[in-house]
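Take a look at the structures below.
One chain, chain A, links the two complexes that follow: it is found with chain B in the first and with chain C in the second.
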Partner chain A sequence: MFTNLRAITMTSILALGVFTAPASAEDIKIGVISILEGAFAALGQDGIRGAELAVAEAGGEVAGNKIEVITMSSDASPDSAVNAARKLIEQDGVDIIVGPLSGSEGLALRDLSKSYPAVTFLNGSSAAQDTTLRDSSDNFFRFGGDGAQWMAGVGNYAHDDLGYQKVAVVAEDYSFPYTQVLGFMTEFCAAGGSVPDKFWTPIGTKDYSSVVYSIPSDVDAIFVALGGADAVNFLTQYNQAGGDKPIIGGSITIDQSILDSEGPFKKQLIGAPAGTPTVSDLDGTEWKAFTASYTEHFPDGFTAPSIFAHHYYMSAHAAVLALEEVKGDLSGDQAAFRAALSDLQFVTPTGGTMRLDENRNGIVDNFVTEVFEREDGTLGNRVVKIISDVDQSLGQDPSAFLAQGPVSRDNPSCP
Partner chain B sequence: MRTAFYLLPLAMAPLFANDFWLVQILGRALSLGVIALSLTFLAAYLGVVSFAQTTMAGVAGYTVAYFGPNTVDVGYELPFYVILPLAMIMATLSGALIGLIARRSQGIYAIMITLAIAVAFFYFTRQNYSVFNGWTGFSGLRAPDIAGINLRAPVPFYLLCLGVAALSLVLVNGFIKSPLGLTIQAVRDEPKRVLAIGIPTTPVIVAAYAFAGFIAGSGGILNIWLQERISSFSVGLGPIVDILVIAVIGGLKHPIGAFIGAIAFVLLDTFAVDFIDRERFNTLIGLVLLAIIMGAPDGLHGLAKSWLSRSAKRPAKIKT
Partner chain C sequence: MTFFLIVTLNGLTLAALYFLAASGFTLIFGLMRTVNMAHGALLLLGGYVGFEVAKTTGIWPLAILGGGLAAALVGAIIQFGILGRFQGDELRQTLASIALSIIMADLMLWFWGGITYQVAMPDALAGGFRLPLLGVGYATIRLVLIAFAIVVGIALWLVIAKTRLGAIIRAGVDDREMLRALGFDVAKIFVVVFALGGLLAGMAGVVAASALSISPGTDLQFLLSSLVVVIVGGMGSVGGAALGALLIGLAEQYGLAYAPTYGVVFTFAIMVLVLAVRPQGLLGRSEA
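Now for the complex of A and B:
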């Protein structure tokens, strides 16, 4: 049944390809999908900048073939990401898609990519685990980590260096925080720590009082995997209620905008560790060069590239490098191009070496950061540990890691 | 006769339109149009603007997802000839239930109560994992093969959408002329007089909502076959407002308005980003919608009708 659908879709794509063939012989079209509406619009815009930067650095062409970038917006919902991808493929005739931004969108595009074997999908910044770990798709590549890889090092650091034994979890109730909690708990539980309680809150929750008062009093710290306004609301309410447990942050919990906001909860964050693949003021030559190039191309962008610009850049950069290797040849359902992508190695803006595992997921370097107080009283994040070569099974045996089952509210568990 | 006049060129569309236009533009517009039709029906004949039509469509969609083939290991697979009637029954029942709750409300209060139900359903689907699979929802939903034809292949899917759309239009037009349909319109105009001649209004209102649920359900099934997935996002505030926008720009006075509005909406939604700077495309969509509402208070259908009648009058003037 499915093969039939596939055959029909394939023939229809081929039929469409006949009409668009003259244009695509010279131009290579890259479609970029990011969130350009709603609460994430400013961040999604930065993702687009990252992809455009990679193309601009290549001079907008590869081996004499002009690269055309076509952008399309989604609104964080899987449906809109799928509609955007279909429009890019069927109407604009793109060869490569870079995107999307958020976790559930990534899962939807992974499913969609199986229906379009002639198009190569390069993940943007979406970081759900199963996008590449389970049911992976031959033409879906992720030059970056998932949410669990982004937490590498934090569990061990919390247990061994900070001496925490019991940690409660407060996180948003969807795929990306699940993956982050898994990344933290895998290390923390293996090191001998326990997580007696997990609190899953709907995204956009305003009143956390029921959670604040349910946190057991005998825990050593709280792992908070909330983003943006949710993190500010929770931390403020926890502080106002007299809570004094130390905080451990997820990858998007303690960003600079939270450290710059006003409120007494800030004092509580000093010393809080977090895991992230992107440190905005990293002290490395590659990162400094990347930041300089970013600010030169986009004077109206952020002061430093965000995690989104960083990841979209890596994907688009990988596409450009692989295209250079095959001299822009995308014939034969892009077979040569994909082989080049699979074997690609390049130095990332954070100084590590990016390469893919057999599921086409990145093996990455990750940072454990810590909040510190600068001399002028403002707060910043500084790197305390670099974990190199983090793969998707977090250093475990891949088949044993898979056997633990898909990540969910209740998996993993170590009460 | 007139229906055939409109249908014929539409049925010929596969001869000259490519797959993208057939499925992503026309198919999507027709399936959204069917859902919007259920809103237009309630607005035009019961005089109630309901925000819960996406919910009724979602109930049908979730039924198909839960009992049909999916890739998330939730649900129980049944053959499609059982699923489809089941989904329609569930959608009709959900319509009846919403009608029962909202039966005493009119005007802004009906809007509020249906909106409250719709938003409650949205949060429920997002929080419940055993039936609705929460945030992630269902993916890998495939339309069935019938007699070797996959219903999701471009041409069959488009013709299916066209057939369902035409059928629901015919159904609505027939229903409003039936005794029950006439009673619904009587309840809209003079509920007290309907009561005075001994007809209880509650069953009539509930029947109208149930019928709307039936129509919305058929659109909902088409929509998830098109998307091949459903999640809490599909029944969230965005799609709820989209359906309202479609119905309003098309015109709430006549059922065909829902489809005119849907085509206009899908074209805008798909191509606005090509016409204008990508940061501003929502502004363009908003401005066009605003212009339609200001320039054509009765929607695009009303506008077209007044143009047609004007151009029909002009030759008559020359004669005199």
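Now for the complex of A and C:
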């Protein structure tokens, strides 16, 4: 009986040993984390498409090494992103992680990346400022901008071209909108404008009516940094209450899905400016090629890649390019691979040149768009300005920019 | 002062919506002791169907009816086909209804996608008008919402207090075994009540989709608010649902207006207080 038990134990240990043996060195595993549940599911799915597109364009392999893509869902909360990353690293043994989607998830994965120095993290579309600006991590890369970079040009446009002096802010209460508001206010306040009131509302607020009536009546416009359903709810209720101030949009406030939704509030959006790194119907050869490749690979996707597909694509594309450069060599805690990533330069789908700063954050091109009415009565966004080479300190001296302190509800402030 | 009155009015309109959502929930609980966690999913389903009806026919009252009937039908099927099998085993019913809510939410996400829907309303309701005395614009639909909730509340009270079905329901709330012993087909009555609860949830969904909007996640929001409302008001009491909705709606709006970041704390502070002082709810009867 006892010998039998021992034999079983020995066999089990041997079997375990077989299963935990390192995966074949030729396979490179990329884990992709995106939000595939709840309100962001459709957008999160598009992020996955972006990452898969980059791998598919490389033929699914790099220098003879097969690339395996494993996806995991998070739910926009930091702990869900951390759990997804842990599962990918410890159970699936991924070498590279692409993701996550949302701002506070990015901060959590940045912190997690410090405990896994052998894994390289490439940010998906999360755009909180401090993910890379403060307390950055050596193995966390962001081939894209933060929410402040995505607002570059809008503050100046609102003040100089549209003549707004006083703007109230309505935004969701978490790290990404904080960063967007900072991007807008940095320019707008420097140009001489003032922001007397900021309203931070919880994500998923249905009823904004009391916020609507709190907005001071002497402002020239309202900067709205809300996403998806929140934006539709706020804009509808503002319109119903008889509000007539012009709107300035954040990067995910006035996207095509909102312009396609029904409601009388849409008329109010015509002419509204917004800042974004991704313009769905951009008129450029690189973007057209990117869109064609996207629709060819994903006939059931959106009509054009979203901001999420665009950013997941850039990160996965960067990983593929750097892997090609080192011929798939991930030895020595991926040192050569990371060096290649840091020095990488490539042409982005929007026609700019992507490269990283010393915090491993992208230096990007940004677009100021405005809503216009197409001939058939539908609404679209068109580019009014391109701001090239936007870095994370928004063109200011980096140390002076850092000295302004971390972004929060009350920082920056110019009442 | 104007601002305070406006916020109060906002609180009343939100309370009306919460009452519509919670009344069906509390009705089902009162009779069957089933915490129907699929209530939010029924509400969202009603909203989506209402949207489709409004888009096809362009008639708003028909959308409310259509959404209500669709949710009533699904509610009846849920009780008849699944929950009825576990009658008397409330924990298992509750767990099954959680599973149903997740399945329904994913099916709806698959069918209607992740985008936001608003039900198109007739022009008379879609806009706003200037309130007399206060001199500010106010959304017409929100005032209609209060009227609608009052009408539904009175209708529900009439059904429960004055009709034969109401008498049976009240008898069932008091003593199910006795009702069964008297020869009533309790299983059939349960299906009818579940359908009635679904009808209320579905109509609330269409109204919510008109006044606010619906998207994936709306189901959980209204399930949570319904839970809070009936915990505060008292499980199984329609009057309690009205009182609970009033408290929660006002607390949420005052919170949003005067302390936006911490608004949600007020809601749960009320709940904690009620649970500490009067665990059966303000108008609830304690279990003997």
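Note that in this section the second predicted complex is superposed on the first by the 392 of 415 C-alpha atoms of A that agree within 3 Å, B and C clash if a C-alpha of one lies under 4 Å from a C-alpha of the other, contacts with A are read in each partner's own complex, and residues count from 1 in each chain.
One rule holds for everything that comes next: a residue touches a chain if its C-beta (ideal position, glycine included) is under 8 Å from a C-beta of that chain, and two chains touch if they have at least 3 such contacts.
Bear in mind the structure is a predicted one, so any value in this text is a computation, not a measurement.
Q: So, does A:77 touch the first partner chain B, the second partner chain C, both, or neither?
A: After superposition on chain A, A:77 lies in contact with chain B alone.
Q: Between chain B (first) and chain C (second), which, if any, makes contact with A:214: first, second, both or neither?
A: second
Q: Scan A:173 for contacts with chain B and chain C and give back first, second, both or neither.
A: It touches chain B and chain C both.
Q: Per the contact definition in the header, classify A:111: touching chain B only (first), chain C only (second), both, or neither.
A: It touches chain B, and chain C stays clear.
Q: Is A:284 in contact with chain B, with chain C, with both, or with neither (first, second, both, neither)?
A: A:284: touches no partner chain.
Q: Applying the touch criterion given at the start, work out whether A:90 contacts chain B, chain C, both or neither, answering first, second, both or neither.
A: In the superposition, A:90 contacts chain B only.
Q: What is the contact status of A:204 with respect to chain B (first) and chain C (second): first, second, both, or neither?
A: After superposing on A, A:204 lies in contact with chain C but is clear of chain B.
Q: Is A:412 touching the first partner chain B, the second partner chain C, both, or neither of them?
A: Neither: A:412 stays clear of chain B and chain C.
Q: What part of chain A is shared between its chain B contacts and its chain C contacts?
A: Residues common to the chain A contacts of chain C and of chain B are 41, 173, 202, 409, listed in rising order.
Q: So in the complex, the part of chain B that touches chain A is made up of which residues?
A: For this pair, the touching residues of chain B are 18-20, 24, 71, 123, 126-127, 129, 134-137, 139-140, 142, 145, 150, 152-154, 227-229, 231, 233-234, 236, 238, 270, 273, 278-279, 281-282.
Q: Tell me, which parts of chain C touch chain A in their complex?
A: By the definition above, chain C touches chain A via 3, 6-7, 10, 13-14, 109, 113-118, 120, 126-128, 130, 136-142, 208, 212-213, 215-218, 221, 252-254, 256-257, 260-261, 263-264.
Q: Looking at the complex, which residues from chain A come into contact with chain C?
A: 38-43, 173, 199-202, 204-211, 213-214, 228-229, 232-233, 236-237, 239-243, 257-258, 261-264, 409
Q: If you look only at chain A, which of its residues touch chain B in the complex?
A: 1-2, 4-5, 8-9, 12, 15-16, 19, 36-37, 41, 45, 48, 71-73, 75-80, 82-83, 86-87, 90-91, 104, 107-108, 111, 135, 173-175, 202, 408-409
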